[in-house]
Structure formats: structure tokens, C-alpha cells
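Okay, so chain A shows up in both of these, paired with chain B first and chain C after.
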Partner chain A sequence: MTTVDQDLEPAAPSAVEGERLTAPSGGKPQRRGRRAAGFTPYALITPAIIVLAAIVGWPLVQLIITSFQEFGRAQVFGAPPSWVWFDNYIDVFTDPVFYGVLGRTLLFAGACVAVTMVLSTLIALMLVRLPKGFRMLLTVGMLLAWAMPALTATIVWGWMFDTAYGVINYALVNWFGLAEFDQHQWLINPLSFFMVAGIIVVWGAVPFAAFTLYAGLTQVPGEVLEAAQLDGAGGFARFRLIIFPYLKPIFMIVTMLQVIWDLKVFTQIFALQDIGGIRAQTNTLGVYIYQTSIAGGDFGHGGAIAVITAVLLMAISIYYIRQVLKEEEL
Partner chain B sequence: MRKLGIVALGAAAALTLAGCASGDAGGGSDENATIRVWLVGTDTPDTARDYLVKTFEEEHPGSKLVIEEQAWDGLVDRLTTSLSGSDSPDVVEVGNTQASAFTSAGAFLDLTDQYEDLGGDDLLPGFVEAGTYDGKFYAAPLYSGSRLVFYKKDAMEAAGQTVPTTLDEYVATGAALAAANPGKSGIWWPGQDWRNALPFIWENGGEVAVPDGDKWDAQLSSPESIKGLEEVQQAMATASVAPKDANETSPEVGFCDGTTLQLSAPSWVKFSILAPVDAEAPGCPDQEANLGVYALPGKDGGAAQVFAGGSNIGVSAKSAHPDLAVDALKIILSDEFQTIYAEGGLVPAKLSLADKLGTDEVAQAIAAAAGNAKLTPASPRWADVEAARILEDLFVNIAQGGDVKTLAEEADKQIEDILNS
Partner chain C sequence: MSAAVTPTTRAVTAPGSLDRARRGGGRRRVTTWLLSALSVVLFALFVFPVYWMVNTSFQPNNDVRGSEVHFFPDNFTLRNYETVIFDPGRTPFLPAAANSLIVTLLTVIIALVFAFLASVAVTRFRFKSRRAFILTILVIQMIPGEAMIVSVFRVIDGWQLLNTIAGLTIVYIATVLPFTIWTLRGFVNGVPVELEEAAMIDGCSRAGAFWRVTFPLLAPGLIATGVFGFIQAWNEFIMALVLNARPEMMTLPVWLRTFLVANGTTNWAGIMAGSTLMAIPVIVFFLIVQGRMTSGLVSGAVKG
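Let's look at the complex of A and B:
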């Protein structure tokens, strides 16, 4: 159907097999209007580009320059930096610590995104079904979680998981009789550390994803679902064959955003490391860049790691954006 | 990453610039200026803060002095970003072991001309050295705090123990206290607390790092240091029930709820313990009679070589009102201001004020400890070792019962990487 009538306008779906509903081809004032606009779109986008260039572009250029220099604390206070070109990058790529951090970050982000997406899909589906009162309650609850700053959330969760005075250990010991959780140290084992960090990250990310998916769900036409139900499609089949295809672009965009957010997670890990745990075993890319650059005073190497991370994030983003665009072309 | 950078800087900035300075449009004018003073931690008593603000504003009518309290945690990071920016604070406190990271980078104003006015040779010599770089005087001593051991007299008595006289006895006493009181710490020692481990290294003849030509040679895996680290591990295992990965902030909490029977901490912790119950960080003033204190004993008796913690204070090179900032610094180093420190249990920045410490048990213990205090390696990059949290990670691993020799060798390599880079 796409090959034969390429010159036709995109068709609206019709109940009759093979029929195409197209707009009358005469007139087309909107197309002429678009050509005539010429300069206007650029004029409209210029302020945004100027702002972006100033607050994102310029620091980015600075960062790339720094990554090619030997740039320490003395340079921060005005000493002239010396150029080392690719030395910083070579150091980073030959450092096993970097690969450890990278692998850890990818695994952690992957796990967080998967859990976030599953949970928020389930919550979005539940929101559709819930009676109005409960839906309001859940919405307000999620909004509060979404509005909570990550630093505050991490400190509160950190208290809950505190070794000596935490409510989690208290509940496990006194309510469930699990004596081995007396003085249990949740953050000392890296896996357990990332479980706690994952809970905080997912808890903060679910509301956004759930709201977005819920907004999409309200757009799935009820009659299609009803027809499928009459044809005997169960709940899961309806989700897989109707809802998911309808919402695929939304799923992809939300997933992409989650991937980017979780790959560059900083606050939760940084604050949690202060509460407990071993830094060398729990650094992720964001924290590692901070530690190398700002804490360690080695902005050259930190810059190189940051540029590598940027390239990685851009590669992932471009792949996903292409997928989304393809999806929309169909 | 561009976003990461922003997040990192944003986090630092958000934590840092709690209150942005109200402006000083005319760079040259010192009229109606606002001087921002960064004091770190809660060690500086409120009376001293009030005295500083009041005296400065009396001497400079129309100008204001604002004290912004900073946290010790992540201080090097914050100073790096804020001192280099256009919104730099004017007067900043910095840990004595961190000072050289900034004096060597040119972050502080050269105070060589003011040396005599600030106190001259009366200033604590070790701290003057810490604040001097390349023959120039950048950061004055602020105060020195020595580490003391605090204990509960009733618990010590009930366990049939007496105040230990050697380092080995200290560990044994802690273990005996813990054994007599299951679930309580005979020596409260959270894993990240490396400063209390230094005396064990030094008393056994070890070092953290020693200069070797123009390089540094890390010594944590030397046989002497290993012996000290093993004693630390033993103390952590037999005497402490503190979380093995926690930091050492708020020692008063465990002391007041009764789970800590003994702990080693900076001398001002006494005031945290005895803080009113309704204070923001509540203490337990009813324990005053029960609170015993002594200087950590050394290997062969006498006071141990403890870590000489303390602070230096300098004027930011980017201060918009350097003259006013130096005036504020002079008030801080005045006898009146420093006497308040001494009365609060901190060793004042001037030798001539040492007798203001008083004569009670704490003062005697402070004098004993301060007489034998020692510093971390005097390298401008030592602050980076601290910022990289190498020692925190090392002692968390030791607390968990890891192999001391392997861990110490790893830490040595990391420390040398930083000090020699």
C-alpha cells in the first residue's frame, strides 16, 4: 500500500478494505504558506539556539579543550595549561578502573530502566482501571515522589536503610523475626548498595514514566479494545497486540529518556556513598567524573572521561531517536 | 556528559552557594561591603561567631560580615569551585592538611606582609608551615584540635577496668568493655574513620608516606605500618559494634543512647556530648559527671602520637575587598577571639594563649595530646588523597576483616599515584 500510491496524501484508516480516505487535492493553501514562511522558522528558533549555545554549547567546547590539556588545580586558579592532546584519552582507555566503572554504570542503568518501565507500565494500566478517588490518591502520591529532590530522597532512604537506627532493619528484626538483619549493613556490599541505589532511582523515575504512559493509554481507542475483547483476546493479548503497538513511540521515548537519566545518575550515588559503602566499588560514570575532576583536581582526565560519556550518551540517543522517527514514518 | 558536568557543578554549587553575596558593584570601594567568611563544621562556638560579626561591624560601620557555615565533607571540592569563581567567599577556613592544595595553586592572597600583625612567631609553628608555600605566608593558623578518648566512668568501673596506660591496653580495655556489654561498643569505631587509625601506624614506627627525593614513597604496607593496621583491625573487630562502613560524624548519638561506652574523637566532641537535650543536635548533659576523658596512650606509655587536626584560615585571592578581609582575619587571630576557642577546648592559634585552656581533666589531656601530635604527609597533593577517599575505603575494607597486607599494598599504590602525578 505504500509502494503503489506514493504521490497520494497519507491515508486515514477506513472500514472498507482498500479504500483510501484522502483530502481533496485542490488548493493546498497550507503548503504554499509553508514555503512563503521562509525566514520565519529560523527567526523563531534563533533565541533558543542562542541560549543553548551559551549555556550548553560553550561549556561543551570548554570541556573538549580541557580534555586535551593537563589541567590541575593550579590551572583553575590561573596558571596556563599545557597541551597534552590525546594523552588523557589514552590514559583513560588503558585504565582498568574506567572499564569497571563503565560496566557497572551500564549494568546499573539497564537494570533500573527495565524495572522502571515494567513498574510504570503496570501502574499506568492500573490508573486506567482505578475508580476516580483512588486514581487521584495515587496521582498525588506519585506527584509528591516526582517533586522530591533527589538529594532529599537519598538522605531519607539512607536513613531508612541505616545500620544502627534504620527502620528497615528494625522492621525486619522486630516484625518479621529475621534476627540476621540486626545491624545489617545494606551499603557495604556493592550489589546490595546498588539495590538500595536502584530503589531510590526507580522510585524517583516511575512517576514520570507512569504519567506519560497513562496519558498515552487514554488515547487508545476504546472501540478497538472492545472489538478485540469480543473476538476473545485476553488482557495480555490486548496489551501485546493493541495497546503496545499504539503506544510504541511513547514507550521508546520514555525508555530513551530513562536510559539517558540512569546512565548519568549522580546525586543518588554520590549522597549514598557518603552514608556508607566503598567508593572504589560503587563509582558510576557521573560520580567518577566528579571525583576525578573536582575532588581530585585533575580536570584534564576528568574532561576526557566526560567527553567519552557524552559520546556514549549521544550514540544511544541518536539510535533511539532514529528508531522513533522511523516509527513515525510508517 | 555536558549535562553531567552541569549536574556535578550544579550539585556543588547548590551545596555551596547557600547564600549568594549581596553585591559589591564598585570593585574599589570598601564602603558598605559584605565580607563572607566560611567557617567549617560546628567547632567554632557561637560566642566566637557573634564576637567576630559584632567587632567587625563596629570597626567598619556600614559594612557587613556574614558567616557561612560549611561542612567538612567535600570541602576541597567546594573550595576548588568557589575560590576560582567570581563569587568567591572572602575569608575561608581550610583543614590544615588541605591547606597546601590551595596555597600551592595560588588560591589565597599572599599575607607575608601581614605576618607580624597577625601574631608573628607567636602563631602555632606547625600550622604556619602548613599555610606557607614557596617562602610565602598564605594561610594563618585558626586553631588546633587534639584527639581525646571519651569514656563512661560507670561502664569502665562495672567492667573492672581502669584507664589504659599503653596502646595495647587501650585495645584490650575496649574489648573487655565490649565483652562485658554485648551489643555495645567498647571503642566506637565506624569503618570510614581513618584519622583515629593513624596513631596505631605511627606508634608502631610506621608512616603514611615519606619523601624520597622529589617523589613520595607510601609506607602503609611497611612491616611497622602493617602491625599497626592489624591492631586497628583487631580493635574494630573485638571492641566496636559501629557500622563497618559508616563515617565518624555525630559520635554523641551512640554515646548518649548508651551504645557507645568509649570513643576517640576531637576534643570539641565533649560539647556535642554535653549539648542541651533540646538543641538542634541534642546531647545528654546528664552524663557530665559520668564522662571521663584521657589522652590516647602510646606504645610505651605516655601520650600517643595522634593526628594533629586543625584548621588554617586565609583570604581568597579573588576577594573583592582584600583589605576588609584581612581586617576580619586580624579579628579572628586577636587574643579575644582565640581565647574563646581555648575556653571551648580547642588549642588556640597562639602559643601565648595556651594557658587559657584551663586546668581541668580535659585541658590536661589536650595538653598531653597536643604535645605529641603529628601531621599527614606535607604534599600539596595530599588533599587529593583525602578527596579521593582512599583511606576511607581502606579502613572500611579493614573493618570488614579483609587481608591487611593486600589492602595496604593497594592503598600504597593509589596514594603514590596521586602524590607523584
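Let's look at the complex of A and C:
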């Protein structure tokens, strides 16, 4: 049994890592030594359970209840909510605006995930072949981008794409002679709004994906590749027949995480709308829930949309959770 | 609600086993040079926005709004920081920074304690609902926070905790707890029980053995996990936007957004100074721990 951390940190200075060497087979001895004690473990998980029940469990129940009720501003101020059962869901599912939001979210997330995964795979392959100095350089650059909070990243990119003083319009006009980009408004047109948002999302997501894939790549045994090369396999054939099969599990997990993260994108879209987008034409599911319930005060419909979003994401996550459970041998 | 998973980037120094298959040949050397050049371009693409934020923040707003773009802060100034930090406007910076710091520190400390207890329970004890508990932790991480804003808002409102440090802190604890438990679980698992058993044979009590032997070995894990909790809570935006909307109770992200909306696109220099102030603690912390952090969730994918 090998884990990424053990293999990638051969000389880790931490005491924990050192101790691991004395018990390289990980899980099994622990399982044997695990105590069957009556009351103690329950006492130990109680604080966590209480917090999670209060802030996740109870609100989740309330969310589902509210989605079956008519719950507007009047109810916030004390009027009793009335049960409307599936009316909210029927309204949502017959509302063309919802389908617009849903389609936009799926397309945007799909495009972001595809671009992120292709770029990350290429960068990971590149990291393997780079001389050490250049590899360090690129690593540091990606770490900086990765560390940047989503909100500040969005604001900075928004400033770079600024109509009057943005560096991107400046470069396009003065360096590339594209005069039509003088005073060009990037965020007014929904399509170009989502292009900018996509750049921000991909820029922030590539480092994590590329580092993870690179970690996976370093596990591909060199002997197998050499053998394939001797047998006359070209670069692409080696990637398709050897590297990718080795990489597939980690590739799938990273893709799943990207799908989940990109489907619930909020900060980037919300802040970019502040800078200059037209909200009604650029809402994604996360922002739409906020607009309907918090800004619009319609908690019933907002609840229904939230439940639909949660169900969609949970359905996608099932594969991921099963994978993790299988690998972790709980 | 978000699973920050981090592979260890110390991998960079690990010997790439693919290298061996790649050596030799003039064509190879050309490819290597092309790739090196490309890596410099990519480096610039990743770093430029960060550089641009800092660069703009050190320029007078007149330069920023001039017809020429300044690629270096030629007329270096700290005025923007002065204005942002001591701005007596409706949404002052200093209280927001204080709120962020208090909420984040409280969150990290309490979440670490709770998560530590829970991770000891699932790694060192066998009990009936153990598997169900771990599964719950995993599933909770997948619930989108966006879907929960409304009902969390109503629960906190019901407790009269809107616009308070306590309200936001308890929500953040719940937000970082699943990830923290999951990660600490891995670290506790890494310390063999045999060590504790040896200490018990030497006369330690069970709790004493755990406290004297295992706990000190967990320090790096606790620090790494704590820093990641710090980053998550410091950056959190949606919940803070909804729960602490009153100007004097805002956290930094909400303050920054308010500052952005209030100044429109007229004061980019000030906005960049604010962004830098918010981003710097995160970037520093992130660079410190990134090598330490082992991949809690992704590691599973490479096994076997």
C-alpha cells in the first residue's frame, strides 16, 4: 500500500513521517489495536456532532421544508407560512429563466472543466520534462496563483479587463494595433463576460489540478516507458497506452472535484457582476439562489432551486465519495 | 462544504522516474529548450495578475487613470494604503480586519479542538456508528454552501446572532470541521498505536500515553490543518455577505466588495491596495504550509 504523501516525501523531516517508516503497512495494525470502548468515542465526537447538526443538519431540514411552502417577506416578519407542496418546484421547472440559468451553469462549468483538465495535463507532462530550475520557476508561479483568494483574483482580473484603463485593452491597442479594442467593454456582452469569468476560474484551478496530476505522473515507472520506447512506441502512443492508464484514477478524481467546484461557482460570477456584468443575463445557479432568496426575498422558490442544486451536486458527488471510500478501506 | 485538497508540492524535488526515459538526442535538447521557454511564458501568465495588483496599489490614482499604462510604480506612493486603512468612510477597514482576524482565529482554534477529539475517536476506537460518522463527514463536504445560505441565515437569525462574531464563527466552524476531521484522521492514523502501548507498559495511563507520545507527534499535522482552516475562513465570502452585512460587523472580503461597489471603477489604485492587504496573509500562510500538506482525499486515487 503506497500513498502519495509517503512516496512523494521520501525525506520528510516531520516526526509523523519518520514514525511511518516503522509501520509501513499503515491501516492494518491500527485496526487491530483499535480499542472497543463503550462511552469514550461517543463523548469525543459529540462536540463535532452538535455543531454539524445545528449548522448543517437542522438548516438542511428547514431548507427542504421551506421549499414546500410559500415563504416570502411577509413570512420573514412573522406571518405563518402556508403549505404549497410541489408548487414551488412546478414553478421553477416551468420557468424559462431557470432553464437559462441551468443551461448557462452547465455550459460554463463544462467548458471550464474541459479547458482546466487539458491545460493541467499538458502542464503536468511539461513539469516532468523541464530542467530543474525552470520546473521550480513554474511551480512558484502556479503556487502564487493558487494562493490568491478567489475574490481578490476576480477583482484584479476585472481591473485588467477594465474598459478605460485596463492593461489588456492597452496591450491590444498599442502592441497589436487592434484599434477596435480601444474602450472595449468586456463584461457587457454575456458571452465575453463568461469568457473573462472562465479565464479567472481556469487560472485559479489549473495549479491544483496540474500539481496533483504531476504527483500522479511521478509514479509512472520509468522502466515500462523505456521498454515501450525500445519497442518503438512514439510519444503519443506512450501517453495513450502507458501514462494515461496509470494516471486515470487520479485524473477522474481531479475532474470530479473540478466539476463540483465549477458547478457551484459563486464568488467569481458575483464579483464580476459588481464590476460590470448584467446580472439577469449572467446568473449561474449559485448566484441565482442568492438573487431569488436573499436579494428577492422569495425563500420558497429560492429553497426549491437550492434543493435542486444540492441534489444535482450530490448525484455527481456519489461517484467521488464511493471512490474515496473504496480506496480508504474504512 | 468545500474540500481543499492539496497534493504535496515537495514532489518537485522528488526524482521524476519519467526523466530516465527522456534523455539523449539533439531533437530532445531542442524540445527541452522550447519547453523551458514555454515555462517562462506560463510563469508570467500565472504571476502577472498578482504582480499587477501590487504594482497598481503603489501608484498614485492619477497614474492609474492616465493614458499611459505604468508597468512599474515609477511614482511610488503609499498613499493608497493610507487612504484605505484610515478611510473614515461608511465602511472602515480596521474594524473589518479585526473582525476577520477574530472570527478566523476563533474558528481555527475551536475547530481544531473539536476535530482533534473526533479524529481520535474514529482512529483509536471501534464503535458502532463509526463508519456512519465518517460517511457523514464526507457527504457534508459535498453539500454546496450556496444552497444552504437561506436556511443558515434563518437559523442564525432565530438565535439573534446575525451581525455578531459568535454567529459567523459557529457557521465557519461547521464549514471547516468536516475537512479538518478528515485530514487530522489521516495524521493520527500515521502514528502507530504500538508507541502508545509501549508507553502503557512502562506505566502510563491510556490517556497519558496518548497525550505524551502521540500528541507531540501530531504537531505538524495540527499546524498544517489549522493553516488550511485559516485560509478557508479568511477567504469565505457568501456566508459573511449574508450574515454580517452591517458595516461595522463586516469581514475583509465583504468589506472589499463594498469598497469596490462604492468606488466603482474610479479608484482602482485604492481597490488594489485593499486587495493586496486581504491577499497577503493568505499567500504567506499558503506558501509556508503547501509542502507540508498531504493530500487527504486525492491520495486514495494513486494507491495500488
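Here, the second predicted complex is superposed on the first by the 254 of 330 C-alpha atoms of A that agree within 3 Å, B and C clash if a C-alpha of one lies under 4 Å from a C-alpha of the other, contacts with A are read in each partner's own complex, and residues count from 1 in each chain.
As a convention for this text, a contact is a pair of C-beta atoms (placed from the backbone, for glycine too) under 8 Å apart; a residue touches a chain by one contact, two chains touch by 3 or more.
Since the structure is predicted, the reported quantities are computational estimates derived from the model, not experimental observations.
With both structures placed on the common chain, the touch criterion links A:A79 to chain B but leaves chain C unconnected.
Legend: residue contacts after superposition of the two complexes on their common chain; A:P249 is shown touching chain C, with no touch to chain B. By the touch criterion stated above, A:Q291 is placed in contact with chain B alone, chain C being left untouched. A count of residues in chain A touched by chain B and by chain C gives the higher number to C. Within the superposed three-chain model, A:L241 lies out of touch with both chain B and chain C [touch as defined at top].
Using the contact criterion defined above for the overlaid structures, shared-chain residue A:I188 touches chain B, although it does not reach chain C. Shared-chain residue A:L313: touches chain B and chain C both. Looking at the shared chain after the overlay, A:T267 reaches both chain B and chain C.
With both structures placed on the common chain, the touch criterion links A:A280 to chain B but leaves chain C unconnected. Note: residues 56, 59-60, 63, 151, 163-165, 264, 266-267, 270, 274-276, 285-286, 289-290, 293-294, 306-307, 309-310, 313 of chain A belong to the chain B contact set and to the chain C contact set alike, using the contact criterion stated above. Per the touch definition, chain B reaches chain A in the complex via residues 1-9, 11-12, 73-74, 76-77, 80-81, 83-84, 101-102, 104-107, 191, 241-247, 253-254, 259, 317, 383-384, 387-389, 392-393, 396-397, 400, 418, 421. Looking at the complex, you find that chain A touches chain B at residues 56, 59-60, 63, 72-74, 76-79, 151, 163-165, 183, 185, 187-188, 264, 266-267, 270, 274-280, 285-286, 289-291, 293-298, 306-310, 313.
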